[in-house]
Every structure is written in structure tokens, then in C-alpha cells.
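Across the two complexes that follow, chain A remains constant while its partner is chain B and subsequently chain C.
And then the complex of A and B:
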């Protein structure tokens, strides 16, 4: 009996620092969030007024909310499939017994190492009206295309940037999954006369399903939270014409520019709910095929 | 037919190599272009028609180092290193307890942590700001250190690591009369080197590249983190299109992390392979 009590004491003493930090900086804020979203909170004057579901009502009647909803949804729908497919294809290239694969890997990993702020500045330099990309387009197609000041294309630049910097990370995840696939499966497919492309479709893709599920989940959770790039490109405004206004950026604006922390917390809660629901649906869809074992 | 297959395989190889080289070049292009830009004069940048700098100018780098940039680098280094050390100790201790010590409420605690992983940071962002301001930590670097000094994801990773860790090593240490904390420091930690290194790199990288927390918590320019400083710098130089300065800053901000990656990349890629083998 003494041993058990000693173990309990020991277990909790090893966990104390972690639990303390989680309590103060995660659990207390979560509890506080549940309370704040039903209040109008003014941090400057320190007043709190109960408004019930008023914050949510305001959100649904707000055109800026719908703009951020549309932008973020479009962003997730474009970025997640493209980055997942490209990461999978590149990983299987690197896994196909080629020379210099460590060199390729090192080079390809650079965008993932780069901070979002440095990456965004580099892309702003590439895509600004006097930048490399518009200049090349003009000299090849004779067309003058503006990116960052154009409401139809500003978000596209952020999409390209995110795909570019996330692919290497997921590529490494896929690569470790590929090394688990037994060679006998490929040999069997080869005997059946399947060429490399068919092997990829019928052996690699199904075998990678659990990893793909992980990559999709992490991709969805990450892209829904997009903030840094949109903030830097638009200087915090979400412009031009709200075209780069994302959920997180709008939450930030509500809390720190409009000083409406209650409404910002309500919106953050909705974002959490949306992420949870979408992840759940994707999970169910993939499990329906029984591939996720 | 065999000949045909071989021929097919060879042409496939050529395609694979071509695509890999093309993608590597595409990856490098923005960085090369930025490095070249950082050495150009502003007049040449405004002209926009040259590839290599006509006359190599170091004005961008000189401007950077005359600004508060070196201060921001040392701020980021200080915060990232301290956070990394805290994370390594606390996450490893927590993961070890969850994997190896049989205590009351362990399963419940572990499930709670898994639920908390799924809460997006936006939900806690605003109340966290209020907690920080109640603790009088606004505009202090400790706000970032305290809020990132543990990471549930890496606690989870360390738990998975210790579940496969051989038990007899600890038992031998206990026989030798080492206390459990002594066993942890002298026996467990040194044997978990690869997992600790992986965790260390990712924590350092996460703090070094973090943008939102400094933006919320820190307001005095002399306390800025590097990412935040870079953004402020770009704001003041972009309108005058001094992209040489902005690119010099961006490139320098990548160098420390790149050096760490080159030194440790062998380590954590083999670590990746290992964890793949264990599953």
C-alpha cells in the first residue's frame, strides 16, 4: 500500500510543472472564455454587461463575419487538398531509391524552417507590383497583373505561400509512413503486371491512408487558424476590400481594435466548433471506407 | 517484356529526377532572389530589370545592424533558448510519469490532455491576454516564456517514447539507491537523447518563428521578438521601397535556424525513421 501512495506522490511531483502551466495558461482561459462570450467586456473601463446570446446575434448580422467566413473556407478548401496531394507525391518520389535524396530533402525543407513573417515578406517582394512574378508575367504574356492590391488575387498569394511552406513538413511525415509499407506488396503488384503509376494508386495510396488522415486533420486545423500571413500582407486590415480578412484576423481586430472582447471570444468559440465539426466529418468519411483501421 | 519494363523504369526514373530537381529549384528561387535583392542598391531594385546586382551593395545589412535588429535577435535567442530548456525538462518529466509511473488518476489525466490538444489557440487567446495582464506580465518577455514553457503535443510524444523504453535500466538504477529524480536526471534523460533533440529543435523553431503571441503581449520596440521586429521594419521601409533592407533582415532571420537544422537534421530524420520502425 505504501508503494502505491509513494507512486502517486511521485507521479504528481513529476507532473507538477506541466499541470501548473496548463491550469493557469490553458484551463483558466478556457473557463474564462465560456463566461466572456455571453458578456460585453470593455477592458479599458473594466465594465462587464451580460448580453446573453447578443454577441452571437451581432456576429451573424455582420457582413465582415461573412467575408471572413467565405475567405477562410475558400482558403481551407483550396490549400488542404493541394498540399496533401503534392506532399504525398513528392514523398513517394524521394522514397523511390534515388540518389542524393538527403540533398533534395535538405533543400526542400528550407521553407518549413522559415518564419511566417520572413516568408511573407519574401512573397510580398516577389508579388508586389514591381516584383519578379508580375514582371515575368508581363514580359511573357504582355499582361500587367497586380496581385497584392487586387481583391481577387491577394488571397491567392497567401494560398500559394502556405502550400509552399507546408508541403515539406507533411512530405517528411509521409516519407516516414512510406518506409513502413512492406516491399512484398509492391512485388505482388509487379507480378500482376501493374506499372509504377498503378502501384502508386493501388498500393501506396491505400497503405498511406492512416498517415493521410493525420495530414488532412493537421492541415484542416492549421489552415482554419491562418493569421500571421494575412496580418502582415494587409498590415492588419484584412484588405484590399476584406479579401484577406480571415477568421483569426477578424477575432484579433474585434478584440484589440474594436475593444469588444466578448464578441471576439464568441467568434473564437465558433471557430473552434467549426474546426471540430469539419475534422469530425472528415474522420467519419475516411472511416466509412474502413481504411483507417 | 522484361526489357520493356526496364526501359519503362529508366524513363520513369528520368521523369522523377527531373521533377525533383525542378521542385528543388522552385523551392530555392524565392530565397536566391531575396539574397540577390539584399545586395542591390535601391535604384537598381526600383529599375527591376537586373538579375545579379550590378554593384554589390551592403547598405541593406549595414542599415539592419545599425537598427534595433541585433537587440531583437538577442531577445529571440534568450526567449527561445530558455523556453527550449524548460520544455525539455517539463515535457520529458510529464511524459515519463504518464508512461512509467503507475499513479491514481493517470488515465483520466492523459485523456484530459488529449482533449486540450484539440482546443485552437484562438479560443484561449483573448482570455489568456487578460490572465497575462492580471499577472502584470504584459510587455515582458516572461509572458511568452511562461505561456510556452510546456507543450502538450510533446508531452504526448515523450509518453509514446517512454512506453517502449527498456525497464531494466531504471530497475538497476533503483537498486543502486538512486532516488527517482536522480534516476530521471542521470539515467532516463541521457538515454532519451534523440527524442529530446527532436523536441528541442521543434520548440526552438516554434518560439523563434512565433508571431501572434509577441504581437499581443509585447509593445515596447526594445523588447520585440525578431518576427515582430521584422514586421515593424518592413512597415517603415516598404513605402520607400527599400527592399534591400527588408530582404537583408529576412535572410538573417533564417540563418540561425538553418544552421541548427544542418547540424541536427541527421539526428531527427533518423529519429523519424526509428519511430516509423517501431509502430
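And then the complex of A and C:
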């Protein structure tokens, strides 16, 4: 008994640094936000008045909330499938015995290492109305396409950027998963007469399911929380015409520009709820924990 | 037994937390009773030098130590966070635009017994007042003036006399001028932001921020005509946005690299034009009249003192010095405009060809400040007017939507 107690204490003392950080920077803020979302909070003076569910009522009547809801949903729905599928395909290419695969791996990993704000500035330079991409499009197709001022295309630029910069990271994750698949499975499939494509669909994809679930979850969480790219591209406004207003950007605007911390925390809580629900559904659909029996 | 372990680790946690809390609070402030903190944003090298020198003179004269804290980015947000954390600087820069929010929240201390307040340009001083009480003293200001690139103008076959002084004439002239320019050049640079257009809208007879602090964008047909002229200019290509249409960082950069003939900009572009584009030849005249009225926008920044400061006397002394005795030193080194008329006279600004147009604007300019709801109204306008400029909405519809978006949001914030 004494030894057990000693072990437990020892365990907790090893955990203390991590627990402290989690408590101070994650659990306490979450708890505080949960408390604040029922108040109208003036961040500057620190005064608050209880409003019950008033903040939620305001949010649902707010066209900007629905704009950010639509933008973020669109963003997640486009970015997550594309980045997952492309990362998986690229990883299996790298896993095959092509030449220089280490070199490819290194080059392809560079976008992930670049900071997202620097990447955004580069993309803004590429896509501004007098930039490289619009000029190339104009000289090839003779059509003048404006990206950053066009509300239909501004979000697309951010989507492309995010896909470009996250694929390499997920590719590495898939690659490590691929190397775990026993070679005997492919051998058996080959004997049964499956070609490379069939092997990919019927062996690789199902065997990678736990990894896919991880990638999807991280992708969903990451894309729902998109902030920096939208902030830089619109200079913090979420424009043109609210087309780059995402959940996180709107939370930031409410907290700091509108000085309304109560509404910001209420919206943050809803974002958490949405991410939780979507991840839960993905988990149920993929049956991630039931792969391999 | 598990509970014991939990209790122990819990106790360790609590002890650790409180230790952290107390130690940081002690070390954070008031080590030295004779020092105050001043939060400023990062600005041009000239302004940084001006501030450092003037502060040094103040330190020598008063024996008070001033710690300058430069907040490089998103000054307002960083400042808000510091107020929320009860760690506000003793003195800080306060923009006239956000001043009402800070004043209404009750975190800014009232300034009393200011020496000779009538010496200040009154519109600047008034933007820091609430119910007759004064909460900040303006340190400098900027107004918009019309910059004309005389090289490009001559090349196109015009002289300064051909440039009209009124808005409608200017638009017709720009249209004509654009035909003589290259594709990547603009006759005129324009800005769709509310900050740049509020004074023109007011000159057109509109009261965008009403007495009751609500938005009104629909009651004046002249104002709609003015906005329509911007949309038309953008569509025809004689009005261009520097970053979106020309791929330049700013209006000053586009103007300096001969990509635009006319721009309506603040005097802050002067230092960049002098340092980065010394070869460009230009003249500065007053901003064009709109609807027959003189108009320009005045931007001003003041020194404010946090209510929570425990060094009220030293902070007040500092604010009064920087906007009084020390103002000429500051204005001369930083190349900003003094807010006291006596200093402006001493510096002979009205005899300087380049800045004269800007200084004249201080008398009739609309200060970029209009109550606590201006940020909301301005955001709504910027958002909706972009839609009109992009051609997704008519100007009339965009202004109707601006009014609704702003007033709905104001209601939600009450």
C-alpha cells in the first residue's frame, strides 16, 4: 500500500509542471470564459453585468455571425478533404521506391516550416491586382481577375494558401503510418491479382484509417480556428464584404474592437461546441477505434 | 490514498500559483517612486528621435524618470489588454478616434488646470472632451492635403493651374488626365475608408453620426452623388487603390515612384517622400472643396493619463510639459505639427510652402472623432462601401445597408 501511494505521489510530482501549465493556460481560462459568457463585460474598466443568455440571442440575430459561420464552414468543407486526400496520395508516392524521395520530402516540407504570416504576405504579393497570378491569367486568358478585392475569391486565396502549407505536415504523418503497414498485406493482395490502384484503395486506405482520423481531426480543428491568414489579408476587418470574416477573427473583433468580451466568449464557446460536434460525427463515421478489429 | 496524493499536488499547485502571482505584482511597478511609464506606438525614425530628445529634456528639468514602452503592432488591442490586466501604463498615446471609448469606460483620468488652453486649436482639444471635462492633451495633428506630381503633370501637358480646386472638377480632370498616362499609372489615388471620406460627406450635408449617436447615411442625395463619383472613377480606372490596383505598399510609395499624379494624403507621407523618393517633384495644395465647402480630415493624438496610476502628479507634469513647454522641441525634431497656435507661429509654419496647405486645414478640418459609436459606424461603412465600389451593390443600397448594419450593432452593444 505504501509503495503504491509513493508511486502515485511520484507520478503526480512528475506531472506537476505539465499540469500547472494546463491548469493556468487552459483550464482556468476555459472556466472563466464559461462564466463570462453570461455577462456583458467591459474589458477596459473590468465592469460586468449579468445578462443571462442575452449574448447568445445577440449572436443569433447578428448577420456578421452568420457570415462568419458560412465562411468558416465553407472553408472547412473545402480545405479538409483536399488536404487529407492530397497528403495521402503524396505520402504513398514518397513511400514507393521512386528516386530522390528524401530530396522531394525535404523540398515539400518547406511550406510547413514557413511562418503563416510570412506566407500570407507572399500570397498577397502574388495575388494583388497587379501581382504575378492575375497578370499571368490576364496574358494567357485575356481576362482580368481580381482576387483580393473580389469577395467571391478572397477566401479562395486563403484556402489555397492553407492547403499548400498544411499538406506537407500531414504528408509526413501519413508517411509514418504507411511505413507501419505490414508488407505481407500487399503481397497477399498481389497474389490475389490486385494492381497498384486496387492495392491503394483496398489495403492502404483502410489500414491508414486511424491516421486518417488523426489528420481529419487536426485538420478540422485547425481550419475552424483559422485566424492569422484572414487577419492579415483583410487587415483585421474580415472584408471585402465580410468574405474573409472567420469565427476566430470575429471573436477577436468582438473582444477588442467592440470591447464586448461577453459576446466574444459566448461565440468562442459556440465555436468549441461546433468543433466538438463535427469531430464527434467524423469519429462515428470513420469508426477510427475499431480498425484492425 | 489517491485523495491524499491529489490533495498534495493540489496544494503544490495553489502554492506555486500564488507565489507567481504575488512576486510578479511586487516587481511589476513602483520600484522607483520617481518614474512613470509611457506607452507609445512605433513610428517614423524622426518621431522616435523627437520623443526621445524631448523626454530627455523633461527628465533633466523635472528629475522624473520616463520609461518609454514602444508597442509595435495593434496598439489599441495591446493597450486594451493591459487595461484589462490592471497593468496600464501611467501615460499613453490616445487617438481621437478611440478616445470616447476609453473615456466612457472611465479608465482615463481627467486633466485639470491646463496652462492657457485657448492656445490649442480648439477642434483638437474638443475631441478629447466629454461633458466639458478634458481627458487628454493633443500632442500633434495631421490633415489631408492634395499632392500633385508636377513631373507627371507636365509630361501629360498640364500645369498646376489646370488642376481644379473643387471635387467635381477634379474628377472630370482626372478622367481626362488618365487618357494620357500608362496603364499602370493612376490619375488619382483614392481610399474608400470612412476616415478619408467623412469630412466630404459632412460637407455634402450629411450627418453620418447623429446627435443620438446613430448612423445616418441616406438623408442627403448630395452625399450619395459624392460616393457615386468615387465608384464611377474606380470603374473607369482614373481612381486607383495603391495596394490593390497598383501593387504598392502605400499611397506615398505609389506617388513617390511616379505611379500616380494626384493623391489626397496626410502630412505623414512627407518624411517618406523626402527620404525614400528625393527625386520626385510635387506641390501640395489644400484638399478639394466638396459641395462648395472647404473640407479636410484632421487626425490627432493626445497624451492621456490612466486613472489607476499611483503617480498622478508626475504623470500630469509630464503631459503638460510635452504639450506645453516641450512642444516646440518635439514638433521640430519629429516634423509634426504643433497643436498650440503660439508654437505654430514661432515655427513659422504658415510660411512653409509644403506644409502651409496642411496647417490651413487645421482651422476648418473635421476631427476624426465622433462619439463612442464611430468605430462601429466606420466599420459598417468600410464594409458596405467596398461592395458598392466592387459593383456588387448600388451606392444607395450600400448606404441603406450601412445604416442598418451600424444601428443594429449599436443596439446590440447597449
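Basically, the second predicted complex is superposed on the first by the 276 of 293 C-alpha atoms of A that agree within 3 Å, B and C clash if a C-alpha of one lies under 4 Å from a C-alpha of the other, contacts with A are read in each partner's own complex, and residues count from 1 in each chain.
To be clear about the criterion, a contact is a pair of C-beta atoms (placed from the backbone, for glycine too) under 8 Å apart; a residue touches a chain by one contact, two chains touch by 3 or more.
The structure presented is a predicted model; accordingly, all values stated were derived computationally and were not measured.
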{"item": "Superposed partners chain B and chain C on chain A - clash or fit", "value": "clash"}
{"item": "Partner chain(s) touched by A:50 [first = chain B, second = chain C, both, neither]", "value": "neither"}
{"item": "First (chain B), second (chain C), both or neither touched by A:130", "value": "both"}
{"item": "Touched partner set for A:8, first chain B, second chain C, both or neither", "value": "both"}
{"item": "Partner chain in contact with A:180 - chain B first, chain C second, else both or neither", "value": "first"}
{"item": "First (chain B), second (chain C), both or neither touched by A:280", "value": "neither"}
{"item": "Touched partner set for A:25, first chain B, second chain C, both or neither", "value": "first"}
{"item": "Partner with the higher number of touched chain A residues, chain C or chain B", "value": "B"}
{"item": "Contacts of A:60 with chain B and chain C, given as first, second, both or neither", "value": "neither"}
{"item": "Chain B versus chain C as contact partner of A:237, first or second or both or neither", "value": "second"}
{"item": "Chain C-contacting residues of chain A that also contact chain B", "value": "4, 8, 11-12, 15, 19, 24, 43, 125, 130-131, 256, 261"}
{"item": "Of all residues in chain A, those that touch chain B in their complex", "value": "4, 7-8, 10-12, 14-15, 17-19, 21-22, 24-30, 32-33, 36, 43, 90, 93-94, 96, 98, 102, 104-111, 113-118, 121-126, 130-132, 135, 164, 168, 172, 175-177, 179-180, 195-196, 221, 224-225, 227-228, 231-232, 235, 247-248, 251-252, 255-256, 261, 264-265, 268-269, 271-272, 275-276, 279"}
{"item": "Interface residues, chain B side, partner chain A - complex", "value": "8-9, 12-13, 16-17, 19-20, 23-24, 27-28, 30-31, 33-34, 37, 46, 48-49, 86, 89-91, 93-94, 96-98, 101-104, 106, 109, 113, 116, 118-131, 146-147, 149-150, 152, 155, 180, 184, 205, 208-209, 211-212, 215-216, 226-228, 230-231, 234-235, 238, 241, 243, 246-247, 249-251, 253-254, 257-258, 261-262, 265, 269, 272-273, 275-277, 279"}
{"item": "Chain C-touching residues of chain A, taken from the complex the two chains share", "value": "1, 4-5, 8-9, 11-13, 15-16, 19-20, 23-24, 42-46, 58, 61-64, 125, 128-131, 146, 148-151, 236-242, 256-261, 263"}
{"item": "In the complex with chain A, residue positions of chain C that touch it", "value": "1-2, 4-6, 8-9, 12-13, 16-17, 74, 76-77, 80-81, 83-84, 86, 101-102, 105-107, 184, 241, 243-247, 375-376, 379, 382-384, 386-387, 390, 392, 405, 408-409, 412-413"}
